[in-house]
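First subunit A sits with subunit B, and in the next complex the same chain sits with subunit C.
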Partner chain A sequence: MSEFSLEVFQNEFLADGATTMDAIVTVTASGGAGGAAAAAGQAAEVLIVDTSGSMSAPSTRIRAARTAAAAAIDGIRDGVQFAVVAGGEVATTFFPPWGTNLAVADNVTRGQAKDAVSHLAAGGGTAMSTWLLQAADLFASSTATIRHAILLTDGENREDPARLDDAIRSCVGQFQADCRGVGTDWIVSELRKIASALMGTVDIIPSPEEMEAEFQRLMESAMNRGVAAATLRVWCPQGARVNFVRQVAPDVEDLTGRAVPINPLTSDFPLGAWGDEERDYHVSVTVPANAVGVEMLAARVSLLAGPDVVGQALVRAVWTDDEAASARINPEVAHYTGQAELAANIQEGLEALKSGDERTATVKLGRATQLAVASGNDGTVKLLRKVVDVEDPATGTVRIRKDIDKADEMALDTRSTRTVRVGSGAKASQ
Partner chain B sequence: MSTTLTCPNGHSSTESDYCSVCGTLMAVPAPAPPSPVPVPGDDDGPTFIPRPKPPVEECPNCSSELDPTSKFCEVCGYDPTTGSLPKPPVVSPAASDVAPDDDAAPDAPVTGTWVVVVAADRAYYDRNQVAEVQFPLGVPPRVIELPVAGDPVAIGRRSASRGTNPAIDLAGPPEDAAVSHTHASLLREGDGWSLVDHGSTNGTYVNETTDPVPANTPMPLKAGDRIYLGAWTKLTLELHPDQPN
Partner chain C sequence: MSSVSGAEARCPECDEPVAAGESFCEACGAELGPPGAGAAGSDAVTVRESAATTCPSCDAPGSDATPDGYCGQCGRRWSPAREHEEHTAGPVAAVTDRGIDHWRNEDAVGIAWLDGRFALVVCDGVSASQEPQAVSQAAVDAALPVLREALVGGDDPEVAVIEAAAAAQKAAAEQPFDPAQAVGPGACTFVAVVVQDDVLVAGTLGDSRAYWVSDDGAFQIGRDDSVAADLVASGRVTAKEAVAGPGGHAITKWLGVDAVDALPRLTTVELPGPGLILACSDGLWNYAPEPEDVFDLVGPPGEESAIDLARRLVEFAEMSGGADNVTVAVGPYGLELPQEEGT
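Here is the complex of A and B:
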């Protein structure tokens, strides 16, 4: 069973009259055994592979998809229930052949599945709503509680966007999905919408050869999740309000809109399945003003594994007339506020670039470069440098490059939400 | 064990560290000598020592119990010493220019055409200090007529890649880049309109409020209400009565 620990980073001091309290809550889980969940039949995995016509041009793509699917199947542990869905204009369950139930992984079924996917053929259109609904149907036939899908596509969804939105809505809470796009003909915002709603990640696989390794990696992390459903529970005192709850590491994801009210003072934020990992959350609340000297609890943040509270952190507020104390910004809060701003600037900068507004794009990507350099987010700096020429990272003076590779632009977009922890920067905390 | 604890403000709390209702610290040592001397020696009991309760005063505004140690009513924020409610809006645009401030719309059936006037508000822009967005000069207000019924009227910025094409589009020119692509919507409700913010990045403000409207919660509007969003955008909801002719 996983052990969870929570830690709070905040400056608890508020100036007289101040009402906004920000805190970073770090949640660490250790000792979780994904293997136990698999053996107990608690885990289910559905591979969704795009088999639309575009996957055959270049033909390396469908061949790479077959190899990658086989690699992913190899990574499925014994006892895990699984299926492979082929996605076109409609989705078909490619394996198991009887179509409506999941197979239980062992040497025999893995072999059969690999044999099946070696015959995956491309042809037809792309209607992702049907893919998701097919996966949801398969999961619904299972009693597994840890439900994960990997979706691979190479193209744009070719159906009424409303149908995809409806499908996403009906899949929320049913399973989690990591989405990968191969090549550069798919739409980042489309896959991000799916991944974000289904509590997964989105990324680009620039060339077919990289598919296999990526699928192995994805499967490994999926198989290591031992806790089916973790929940962040946030309590605020009467008269207070949650401004936002945001995951800030390993990547930025706003959870505010996912709040499920438990009672007038408490909301739950579903976090999905957990393995041995660490995630950070930024909680911002507005509390009623109090007199100098008063201490109150601004938020009680609990972590639930299933229905059980397994950890708790207290976000306090203490009003003071010591301006030096109240003016200090907690380094973790400052850092993650910057990382969220970084992600927003990249996405808005790329958006501006697409619509031909180079001026806005330059400002936004310049600001992003400045933030990424200052916070030591080297991965993002590297991606930014493929899109802009950096003249002065300190002031964020950049020029948009004339020769931007589409894959680089998409990689920057999909990875814009990746964050680094405090202290990663060479210059941090001086 | 379900010991009920009482916090210094008189709430019954399920938590022993901070009150589960108002968040007040529970384990404050009583400042004054407690009149009913707590029985010492029982270390396993709740650590909270009940504070002698002064005569209970009620908040004149919301009738909740007032905490004598607090400057304000813990529930509604009323200040008994000045007799005022929490800070009046700072946002009040020096531009009381457009505010037809009479909500005295009688019970007469409301008929007419609802419109939204899109304008750039200098006072609001100056308060926001969004360096990345310039204040658009010399832009005449736009009037957008709202439909009689039907789907929500989207407020945001159009984007081909995100598939947004809101009826009230701040993508410009001039663009207000601080408006989210899917920012908010106006919902037809009965004779009037409500505003709902879709969890926008920078929030939506109605009239003279300093706090953004809560996300995903419809807020009823009336004719003359001002909606502030982005770096400089002001939307004014107006009802143009039907001209009998």
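Here is the complex of A and C:
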């Protein structure tokens, strides 16, 4: 069983009359037994591979998809229930051959599955709603509690967007999905929408030969999740309001809209499955003002594994007339506020660039560069430098490059939400 | 909520229970002290917690408070434990109260009374220590039976106070603590008073005080173990200046695992005539630092019951600001006090 620990970073002091309290809550899980969950039949995995016509042009793509799928199948642990879905205009369960429910992984079934995916062939259109619904049907036939899918595509969804939105909605809470796009003909915002709703990640696989390693990595992290459903529970006092709850590490994901009210003072934020990992959350609340000297609990943040509270952290507020104490900005809060601003600036900058507004793009990507450099987010700096020429990182003075590679632009977009922890840079961003 | 705890009378020699009114122990034949000393029930103590314990911010009931000390409705830092507690035993009484500013009551109090003899004990948990409210209560809970036993047996009160402090120290030092925490292990002050026959013995560690108040005036029995008291003793500053100065409230002796020693400052007084004995935490005397202030506050002794006086003094401290927990224990000597008001 995983051990969870929660830690709070905040400046608890508020000036007289101040009402906004921000805190970073770090959740660390260790000692998880992902293997045990698999052996107990608690884990299920569905591989969704795009087999639309575009996957055969170039033909390396479908060949790489076969190899990657085989590598992913090798990574499925004994006892895990699994299936492979081929996605086109409609979705077909490619493995197991009976197609209605999941196979249980062992040497024999893995061999059969790999043999099957070596025959994956491309042809036809792209209707992602059918892929997701097919996966949902397969998961529904299973008793597994840890349900994960990997979706691979190379193209744009070719159906009424409303159908995809409906499908996503009906899959929320049924399974989690990591989405990967190969090449540059797919749409980042489309996959991000799926991944975000299904509590997974989105990324670009620029060339087919990188697919195998990526699938191995995804499968390994999926197999290491021992807790099926973690939940962040936030209690706020009467008269208080949650401004936002945002995951800020390892990447930025706004959870505010996912709040499930438990009682008038408490909301749950589903976090999906957990392995041995660390995630940070930014919780911001507005509390009623209190007299100087009063201490109150601004939020009680608990972590639930299934129905059980396995850890909690207290966000406190203390009103003081010591201006030096209340004016201090907590380094973690400042850092992650900057990281969220960084992600927003990249996405808005790239959006502006697409719509031909180079002036806005320059300002936004300049600010992003400034934030990324100051916070030591070297990965993002590297990606930014492929889209802009940096004249002065300190002031965020940049020029949009004339020769932007589409894959670089998409990589910057998909990875814009990746954050680094405090202390990665020379100093915090603010 | 109310509970009654009465120590069963026991033989001071062999610890066997003895019947009310017996002069000799049936088990060992030992003399049982002055007539009436062993009267079961005469030293019953009534403890009442305030019925309407509600959150100081939003009036939510105490049952809504969380175990880690917050109001479950408005989030105010608050513990309803010992929010307001009243003890009575014969004509002796005590009140302990959270006050205004502190989020919990870290003071604890105990009293015992037996046919004109009585004992008071007050411990004030050090706020900047771990679980001070538990340490102070443990210290009182350990000291009180020792004092009560001495009253029953008519034992040497000086020895009783020293042994009570030792028992309190043992209990305080046994409280668990986390060495990794920024603040040190739990600590508390100690004041115990035994009045027996014509003699008063007070033992103190830290800055909780005992006072003698008669028609002639009030005086502090013993002195504080504090930086301020040391300064006053040096003759260089007044009590007011010392308390207001840097480290004015720092105490130099306390109970707890890191105590310097647990030998109380012992003062024995032959009582000259009728009067009142007070034991209190600094939550009271902060607003009445000089004995004259206490005398002005109490007024002529004997005009109100001990519980009424204790309530009035606690109320005074709260009206004055209530910056700390307030505890007042009152016992009469040679005075017939009126009935509690409203009874």
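Brief remarks on what is shown
Just so it is clear, the second predicted complex is superposed on the first by the 426 of 430 C-alpha atoms of A that agree within 3 Å, B and C clash if a C-alpha of one lies under 4 Å from a C-alpha of the other, contacts with A are read in each partner's own complex, and residues count from 1 in each chain.
By our rule, contacts are C-beta pairs under 8 Å (C-beta built on N, C-alpha and C of every residue); 3 or more make two chains touch, one makes a residue touch a chain.
The shown structure was predicted, so the numbers you read here are calculated from the model rather than taken from an experiment.
Aligning the two structures on subunit A places subunit B and subunit C in clashing positions.
In the superposition on chain A, A:Ala121 makes contact with neither subunit B nor subunit C. By the document's definition of touching, both partners, subunit B and subunit C, reach A:Ala240.
By the touch criterion stated above, A:Ala140 is placed in contact with neither subunit B nor subunit C. With both structures placed on the common chain, the touch criterion links A:Leu297 to subunit B and to subunit C.
By the touch criterion stated above, A:Ile329 is placed in contact with neither subunit B nor subunit C.
In the superposition on chain A, A:Ile187 makes contact with subunit B only, not with subunit C. Between subunit B and subunit C, B touches the greater number of residues of subunit A.
Using the contact criterion defined above for the overlaid structures, shared-chain residue A:Ala57 touches neither subunit B nor subunit C, since it reaches no partner. Among the options 1-9, 55-63 or 199-207, the segment of subunit C that ends up inside subunit B in the superposed model is 55-63.
When the two complexes are laid over each other on chain A, subunit A has residues 236-240, 265, 287-288, 290, 294-298, 300, 314, 317 in contact with both subunit B and subunit C. On the subunit A side of its complex with subunit B, the touching residues are 161, 187-189, 235-241, 254, 256-257, 265, 286-291, 294-298, 300, 314, 317, 344, 348, 351-352, 354-355, 357, 360, 363-364, 367. Residues 236-240, 265, 287-288, 290, 293-298, 300, 314, 316-317 of subunit A are the ones touching subunit C in the complex. Put simply, subunit B touches subunit A in their complex at residues 15, 17-25, 69-72, 74-77, 86, 132, 159-163, 171, 175, 177, 198-199, 201, 211, 214-216.
Residue ranges of subunit C in contact with subunit A, taken from their complex: 57-58, 66, 68, 70-71, 73-77, 101, 103.
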